[in-house]
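Each structure below appears as structure tokens.
What follows is chain A paired twice: with chain B in the first complex and chain C in the second.
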Partner chain A sequence: MTRVPSVDWVALAPVVAPLLGVVLVLVVDAVAPRAARLARVHDALAVAGLVAAGAAVTWLAVDGAARSTVCVPGGDGEAGLVLPSCSYVVSDLTLTLQAIAVVGALGCLLLAVDGPAAADRTPHHVLLLSAVAGVAALAGARDLATLVIALETASLPAVGLVALRRDAQGAQAGITLLLTAVASLGLLLLGVALIHAATGELHLDRIATALSGPDLSGAVLAVAGLGTVLGVAGIGFKLSAVPFHLWTPDTYAGAPLPIAAFLAVVSKTAGLAAVVVLLALGLPALAGSWGLVVAVLAAVTVTVGNLVALRQRVAVRLLAWSTVAQAGWVLLPLGAAVDAASVPTAVAASVGYLVAYAAATLAVFTVVVLLARHHPAGEEHTLADYRGLARREPVAAAVLGFGLACLAGLPPGVMGLVAKLVAVRPLVDNGVWVIAVIAAVNVVLGVLYYLRWGALLVAAPGAGDGAPVTWRVRPAEGLVLGGAAALCVAFSVLPQVVAGVLPGVLR
Partner chain B sequence: MTPHPYVVVAATVAGGVLFFAVAMLANRLLRPQAITREKLTTYESGVDPVGHGWAQTQVRYYLYTFLYVVFAVDAVYLFPWATVVEAFGWATLAEMGVFLGVLALGLLHAWRRLALRWT
Partner chain C sequence: MTSAMQLSGMLAATDPPGTAETALFWVLAPVTVVAACGLLFARKAVHAALSMALVMIGLGVAYLVHDAPFLGAVQVFVYTGAVMMLFLFVVMLIGVSAADSLVETIKGQRLVAVVLGLGLVLLLTGAISQATLDETVGLVAVNEDPGNVTMIAFRIFDDYVWAFELTGALLITAALGAMVLTHRERLTPRTTQRQLAADRIAEGAVKAPLPAPGVFARHNAVDTPALLPDGTPSEASVNRVLRARGQVRSAEETAAPTAVIQSEFAEPLGDGTEEGGSR
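Let's turn to the complex of A and B:
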């Protein structure tokens, strides 16, 4: 007789808090629909939901207790004692990914509140918070069904967010993202189904045990391997890894800018969380096979992203291609996994790179949002519009320059430099030299376009620019600008944070 | 000896096909054949057919379709739950209440946003 699994609501608080925010926003809107004077109430509720999620993550991290919930009991199986398995586990991995998603989403929310995307607060806040809840659930998901549902909860609201820019380009971007999401869901479901068919298990720890047995038939390994490849392909769409990246530039250019930042930070976190949970926790026994697949995928992604970014003139499109390249960097350490023992270091390097990438991307996007608001070309402005920014807006230009240095991995952006070293180290340790050399070449490629952008900031202003508009930075935007810059500086002063995430056991 | 489950499935499918084929064949053999032009036109509830088969549907039906799908999926979850709720007790009743409450909130939201108004 199956029982109702008991639920530990404290462990689930980072997932439930944004959802409570969603319910409250909907209730307020149902009481007074489209009330412009309640806009601040909606904002406060949405921010409160995210802050509560962040507080829950912090509390769980400080508390440090090993929590897990929605478990099935163990018992005597055919092959001996079976340990209980849980669908949701609170671990260093879970909390780190949740922290990145919550902080990134808070930044994007504050950037968006007075922008055109949030003109109607309710759909914007509801969709954004739902996506955050999805990422939070994904970080703790430890069975295949929860993984798939959480990943879809994280990605489908993003489609609505992109389409909130109610013009032809926004609709185009939304449709592109929707079709991509559906296609990738199909691949992921097929992959997950094959893994389940090969092992007969749903929980990732049991799948890992089933696949690490001594006498596995070749057929089981073939089916599980095929499932792994399809699953990686499905998640590759969400991470915008080449060759699954084609939606990225159009969607970023068609989305409202804060939403593009959301895609770059929170959706990327979701993609990495899915990859790590599926591969590192469910399939470490097959690391020798998927390591190679991920390594090739990452190397191609980094190279293509960087080469195309070199030719971009529009700031948003350059950022879109740069996030493609950075997604490759995030995946790169996972490509160094050659056996089950080398998986935890690779995961730690990946998540460390993600921390640095998220902070720097948020800083860069904040300045791009600010310039777009004060420029006649709006979101279509080009790199040339940054010429001489350091003279007009020294603070914003400094933040942008520092963020770009971090993304490029150049001093003073120590954070980015350390993250790149951390990402390449597992490759060198495990002797994956070809990929390590490709990574080194790509550091140079990346420096080229980030540096060109950074150099424009301090160049002399052009002649025909007309009278520059003085920026009026809203308090919320100032908060994000300061917060993102503070994170970048803090991680650059204390780079051991980036290098040392996930010190413990991977679970 | 009980037959293999797939044999039962195959027999059921074969029986269904046979039933359909025999019924249609009997119909064809027994009915009078008196074809007129009128009888070959599309039958639409006894009314003369209007317009083309590829007629466009009003986009505002979309919202109702959407709401219908939401609640149809909701029912899909309710039926298996209803068979076990007695064994599982109050906890699942409360959980289903939360689920239905969220759906009801969505419907309330659609109503207050005038999404349910036809004109």
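Let's turn to the complex of A and C:
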């Protein structure tokens, strides 16, 4: 009895490309350590890894073939024919999440390349690329083992990235994140183990089948439900959903700003990918129970995030709390799932919101990075420092204003408006009125602080300000600024992109 | 031994275990339980670690007896051999104090820990008590085709090869992340030899060695000043602590015989050899 595993490397390319980048960066560093001339080689290799991953995602999307790899064979089971199950599946869901992660990471890499990463190129690039590989693997993971390991690969490097700011605050932020990661991993493992104990399967499609049987005992459902709740709690840490959000403000404030952007975009993508893969693909049969849990979690998250963000004065802390609120928005549609049939629309709305959120957040963070670099207070600068930015730096102020409008869901940020509508629609369709009303109230709360920030941009400069520093935007930063702005505008002109992700079957 | 293991393997789980197995169990189990209690109640971290090693060896032997040679070997190699020894190294290197901490670093931590711990116990009891087991098939059937170890290999290198490979990436990342976390950046550039030498000149202290006892010395004790070539005592040659205590021998006392020595130099072949000058 010999078996040879068949691995479809083309399907795995979005994961393997960043990992190849990791290896190459490490090899260059090992061959020529501390060679200042090779700094650009490191940068180029890291960018190439991400671009290759993006190209692979694009090619797979254009190719459109349904690919799946690393499968266990099916056969005749006790309860009839068992289909083969795969650990990695290329689908619309996989490719969309991978695209968000790769584009977001590329933006963060370019922002960091001459900033905080300049002193520690090798660790920064390696950690960033492995995190992207983790998200890419997570998006395609279709069994519990791969899910857990991919989620760790996606979230653990963030600890190292945060600690790259070599001072007490950075170390504090890194340790906070590390402890959070360990605690959340414990919860997730416990949850996953209970799900496995209830069903006896590791592959998500088989778990779904096992839990959708007609004659399930209440005990099995109870154990699986318990596992689901614990699993959601574990992933809630990564998404920084309330009450698992306490690490967020300190970590964002303690991390280098491009890394905070990375946490806001790529790590959030990882969290949503884990939630969607686990709940929508593995446990659609329990949608009635987890829908309620997620709905409450999302409503609390949105409300707490917005209320605390209202009181923030430091830009980074406001952004941190705003990402908490946005994480609630991302989760909100999933709370509308009441049965297995309503899951696909909920997932589509969630991922659609994530697309809009990622583009707008990247745009806002880029301007915040630029201002922090040209301000004496650095990362600690407050909202008041944005007063009159539109007169000094009209382009950056326009991008920031547009990004804020998108996050708030106000016109001209049509992208954000459509994303919010898409997010609330499943709630209305399925009659989850309480949550829908809470969401509506939170739109107003969000508008309050985003608008206050936006209004400062065009306000007359205060008397006490010193001579304004002329900004020198580095080419890489300009590229991110332009790219993020272009994405926001494009999605606002063509909002059907945000509204229409994942048209096909959820797999 | 092998036949006993075969015998116990062939018996279905409902049958009573063989005599040898029972005897071994009653030897192993108390040792393991006592060691486990030692792990819980030992006051020194090293004792706890050693107790844990004993627990693991006991479990490893139990696995071997129950026809799980691979699991038994891995248990001993990996856990006892690698993990526990690593623990021991760490404990011995950083020297954990055995004193109990009576201060709660986080307020209300103990209460929350007790509540959460009870919750976990309830949760696990609830979940495990719901478990139903299929009818046991016996070890022989399990080990028959393709065998236990082979099956593990199939699981790792075929069914879950992707997760296994990803684990590699995760471990590399973790190692690198640990290095980033523990790496301590120098705040100032390392001082070079050249810089050190320049600093010493700049501070203006005596650069030459302290004066040696000198050719006129009658004593080389530390409380005796060295005699310079002109016969005067050198204050710099005596430790300043001795000088502060007033324990320095007087300069006259040592300087007085200089004339004698000079006269000895003038007549080197004289008969005054008792002073050791001819050596």
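Definition applied: the second predicted complex is superposed on the first by the 502 of 507 C-alpha atoms of A that agree within 3 Å, B and C clash if a C-alpha of one lies under 4 Å from a C-alpha of the other, contacts with A are read in each partner's own complex, and residues count from 1 in each chain.
Assume a residue touches a chain if its C-beta (ideal position, glycine included) is under 8 Å from a C-beta of that chain, and two chains touch if they have at least 3 such contacts.
From a predicted model like this one, the values you see are computed outputs, not experimental measurements.
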| item | value |
| --- | --- |
| Overlay on chain A: chain C relative to chain B, clash or fit | clash |
| Greater residue coverage of chain A in the superposed arrangement, chain B or chain C | C |
| First, second, both or neither for A:145, with chain B first and chain C second | second |
| Contacts of A:393 with chain B and chain C, given as first, second, both or neither | neither |
| First (chain B), second (chain C), both or neither touched by A:33 | first |
| Touched partner set for A:201, first chain B, second chain C, both or neither | neither |
| Partner chain(s) touched by A:385 [first = chain B, second = chain C, both, neither] | neither |
| When the two complexes are fitted on chain A, the stretch of chain C hitting chain B, from 22-30, 202-210 or 220-228 | 22-30 |
| Contacts on chain A seen with chain B and repeated with chain C across the two complexes | 1, 4 |
| Residue ranges of chain A touching chain C (in the complex, touch as defined) | 1, 3-5, 7, 12, 19, 22, 69-70, 72, 87-88, 120, 123, 126-127, 130-131, 133-134, 137, 143, 145-146, 149-150, 152-153, 156-157, 159-160, 163-164, 166, 171, 174, 178, 190, 194, 197, 202, 219-220, 222-223, 226 |
| Chain C - residues contacting chain A, complex | 123, 126-128, 130-131, 145-146, 150, 154, 157-163, 166-167, 169-170, 172-174, 176-177, 179-181, 185 |
| Complex contacts: residues of chain B adjacent to chain A | 87-89, 91-92, 102, 105-106, 108-109, 112-114 |
| Chain B-touching residues of chain A, taken from the complex the two chains share | 1, 4, 23, 26-27, 29-31, 33-34, 122 |
